[in-house]
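Consider the two complexes below, in which subunit A is the common component and subunit B and subunit C are the respective partners.
Right, the complex of A and B next:
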């Protein structure tokens, strides 16, 4: 009975990844068979300023987005769990951002954040605030992209948190209330520890997505201005499909995959630590 | 050997036995076949999709056309070709950009034997009718990798009404552009004085005209990177300063779509944008009446105007098993008859006979701006250059490095001279 599953895993997961690893160890000239180059692509990574810039941006985008989504998502999830009126409608509305295809999100962001035509700067002007360049300012473009992702995916975290909270045993909270636990104390000492496994699950799901984050960046900035939003995914895409440097692009992607696996392992350990 | 001789030599090659057919040419010889074609999103491609039924009616061949935006098109094409897929028969190509790499990879079928085979090529096809400079970009040594479908390059569009209202004379030299922009900025606050491509990879297409017109060159006479030459540094300074001082906010993420949108919406007074977008610009209200268009004005000192001039082509995949049917499509799509019809879609014909023909003449006579556009194209074809970077096989990478130099100056992270020096160092590494 295990054979079909093994076959599926082999064909659909092990082979493509193994092939990418193989390509990352080769010189790949278009139209020619790959030739092993003894890990030269990985040696190139070490001296490539664009790679280190991409790694820094990938980790920065990952960190700020993950923290923002977990914090806001937890707050929103608890708020939802305690709201009984119109919960169904609110849930439906919350689901809509992450149901939208990334290309729609990207196009919406371009239209809303366009410095000349966009509604974002119009709103700022109504409040007497100066206009912003949003996706064109190299110092803040990553924050803008993180904000777009946070807008799209925080409701997803909120729904997970709401589900986790509603499944917690009610008597524990009743006992805490009898003991006088209120507000922040109740949240910090009781709710947060009990939600630990739920939050780790949400963090794992968002981590994998955030490290793979490509489409919205590609649509909105193509990695620019300059290299200010050229994360490892964008860098690998450009090396592979625009510069036809497929071996090196594969080395970047294998390195990124190692990061994804590493983050999943860290969270798996964390999950064991917070399970009650 | 001169390029014309090379093309002539390539076109006169003997037919390969694999394609040899008995009897004369017959449009319906491949009747019943289905071919798959992949195009970049372009006015020509859109027109082809609408005209595909005419092709089928004439030849009996069904054409399955897929159109993607340029980045997706290149990614998909790379995947198909690297996998040696026989699924794809015909693809669009910009040989001046990717030709050396694709040819080295063996992706192009050689069209020279097909052109030379009278059983496969229509007697009235007349390959010599294509402008030599345009077809020349599709010939590598003796291999013909594609046939041209259009000619294009960036042109200078300006709002004649705004210039008249403010009493600004029409720019006669390149140096007149920043001067005009300064007046517009001071006296017409609601109007953006200037727009051009600011996205790193898109910059060189519009920028190389500034380099050439100001007496610079992307390469030195001995083929080394030439961005540090005085004229090239001046070009970086002028292009960056126009974007920074007079361009729209967020210009560094702009490519032709944003530039055309701004021009069409009447928000910008001057742009340097593709001739190819002419039909799109004309769809906006009033632009046919208030715009002027011409080739980028020459530099004051150099007196020359030499912007980018390119032409897309269509090629047959070397992995296609339906090359004869694919070649039938190429002939039909680039025939005099089809190209004459494409004029009304704003596709500038690469065939001299169509360009000088009655259909094109009648179309341009309908509006003064069409006539101006056609004259600018003639000048572009005569004086433009298909070279945007120093000699290298890694053309897209080289163009990105040139675009990066301009961006660094716009961002205030380098002076023009520093950016030029860094670009030359980077460009030298990939030569």
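Right, the complex of A and C next:
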């Protein structure tokens, strides 16, 4: 009964993956069969400033978004658990951002963050603040993208945290109450350690998406201005489908895949360490 | 107890602020879709206006947006059906034999960057002459829907009592009969969750259709992105397109809200 699924996975996933790895080891020119070139594409990575720029942007976007989403998500998740409010319309509002198509998120960002006609800069002006070039300032475009992703996915983290918290045994917290543990101390010594596995789960899910983040960046900036938001996945896409530098683009994609799988393995270890 | 009451008030205010931050951008898009060309870019923003359908009329009248929406529907529907046809029996066998490796293997597809598969697919589909068809999109989107189907269904299938299956086997039922007549009726709620999630994921998915769709098979998602790229200055029409493509996932997820987060996180807990 597994056979049809395995056959499909073999043709559509395993073979293409192997083929991509092979392409990454080849010189590929249009009209000629690919020729193995002894890892030259990977050697080229090491000397390519765009690659290092992409790696730096990928990790920077990953780190700030992940930290922001885990911190705010934990706060919001515990708030939801406390107020028991994640029902009905509140749940609908929380769920909507991460169920919206990324294209809609991108269009929303373009219209709201438009430097002259967007409502974001108008609001800043009302507060007496100078306008910002949200998506076209090379120094801050990654922060803007991180903020968009944080807007979209923090509710998801919060709902996971809420679920994790509500499934914890209530007696532990009652015992802590008797012992006089309150506020920050209770959070730091009790709630946070107990939420460890839940937080690792949320972190894995966000890591996979953040490291290979593509849609919203490509829709809002196409990697620009210049290369200021050209993360590895955007770089690989542009090299592959705009410049048809196929062997080299494949090498970037394989490297990025290794980064994603590596991060998942690290979190799998971490989960074992924090499981009580 | 004044402190506690203050704490509750602070919680309510904080929650209200969060909800506002989440709602305002979405509400802004929806309002803009119903504004006239001049109202949509007006600052200070007009909160009170006479809603108009002219943006939707323009969207469906001047472009082939209806065709693109139909393509999206066919691709999402087709890949959901394919994902379930492959995934239900596979998940059943995995749960029954307590196999975990195929499930772990499908996670691989969920983690790998989509760009990785695109070049090989392009070569493969060109070789069999399928590029630019909806078939290609159904097949590639099934790479997304299959792991969703398997991972969402596994817990439902593991909860089916083994005696139920065993007694059917003693009565001489074959494997596919057991699945269709005995197991499937019990796991209908799981199949509904899996189908809705798979449909939404496929509907929303951008990258594969961006590269692999042709003029005829373009999805509404890619068509909307092209509007942005062409520098469409009529924001009203742009926002109308956003409303049209956002509606199906939002309406569908309303039906399964309670199980949504569990379904999305499926796989991450064990994997």
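Operating definition for what follows: the second predicted complex is superposed on the first by the 260 of 276 C-alpha atoms of A that agree within 3 Å, B and C clash if a C-alpha of one lies under 4 Å from a C-alpha of the other, contacts with A are read in each partner's own complex, and residues count from 1 in each chain.
Basically, contacts are C-beta pairs under 8 Å (C-beta built on N, C-alpha and C of every residue); 3 or more make two chains touch, one makes a residue touch a chain.
Small disclaimer: the values here were computed from a predicted structure and weren't measured.
K.L.:
Fit or clash for subunit B plus subunit C once both are placed on subunit A?
P.N.:
clash
K.L.:
Of the two partner chains, subunit B (first) and subunit C (second), which one does A:96 touch, if any: first, second, both, or neither?
P.N.:
Second partner only, subunit C.
K.L.:
Considering only touches as defined above, state whether A:138 meets subunit B (first), subunit C (second), both or neither.
P.N.:
first
K.L.:
Taking the superposition as given, does A:73 touch the first partner, subunit B, the second, subunit C, both, or neither?
P.N.:
neither
K.L.:
Going by the contact rule stated at the top, is it subunit B or subunit C that touches a larger number of residues on subunit A?
P.N.:
C
K.L.:
Quick one: is A:163 in contact with subunit B, with subunit C, with both, or with neither? Answer first, second, both or neither.
P.N.:
The second partner, subunit C, only.
K.L.:
Touching A:2 in the superposition: subunit B (first), subunit C (second), both, neither?
P.N.:
Only subunit C; A:2 stays clear of subunit B.
K.L.:
Going by the contact rule set out at the top, does A:115 touch subunit B (first), subunit C (second), both, or neither?
P.N.:
first
K.L.:
In the superposed arrangement, which partner chain does A:241 touch: subunit B (first), subunit C (second), both, or neither?
P.N.:
Touch partners of A:241: subunit B and subunit C.
K.L.:
Choose the clashing stretch of subunit B with respect to subunit C from the list 9-17, 81-89, 315-323 or 423-431.
P.N.:
Stretch clashing with the third chain: 81-89.
K.L.:
With the touch criterion stated at the top, can you tell me which subunit A residues are shared between the subunit B interface and the subunit C interface?
P.N.:
218, 237, 240-241, 246.
K.L.:
List the residues on subunit A that touch subunit C in their complex, please.
P.N.:
1-2, 4-6, 8-9, 12-13, 15-17, 19-20, 23, 76, 79-80, 82-83, 85, 90-104, 106-108, 110-112, 117, 119, 122, 151, 155-156, 159-160, 163, 201-202, 204-205, 208, 211-212, 214-215, 218-219, 233, 236-237, 240-241, 246, 249-250, 253-254, 256-257, 260-261, 264, 268
K.L.:
Hey, which residues of subunit C end up touching subunit A in the complex?
P.N.:
Residues 8, 11-12, 14-15, 18-19, 21-23, 25-26, 28-29, 32, 41, 43-45, 85-87, 89-90, 92-94, 99, 102, 105-106, 108-121, 123-124, 139-140, 142-143, 146, 150, 175-176, 179, 200, 203-204, 206-207, 211, 221, 224-225, 228, 235, 238-239, 241-242, 245-246, 249-250, 253-254, 257-258, 260-262, 264-265, 268-269, 271 of subunit C touch subunit A in their complex.
K.L.:
Give the list of subunit B residues in touch with subunit A in this complex.
P.N.:
71, 74-75, 78, 81-82, 101-102, 104-107, 192, 198-201, 248-253, 262, 267, 394, 396-397, 400, 404, 407-408, 411, 413
K.L.:
Taking the complex as given, what residues does subunit A use to touch subunit B?
P.N.:
Residues 29-32, 114-116, 131, 133-136, 138, 218, 220-222, 224-226, 237, 240-244, 246.
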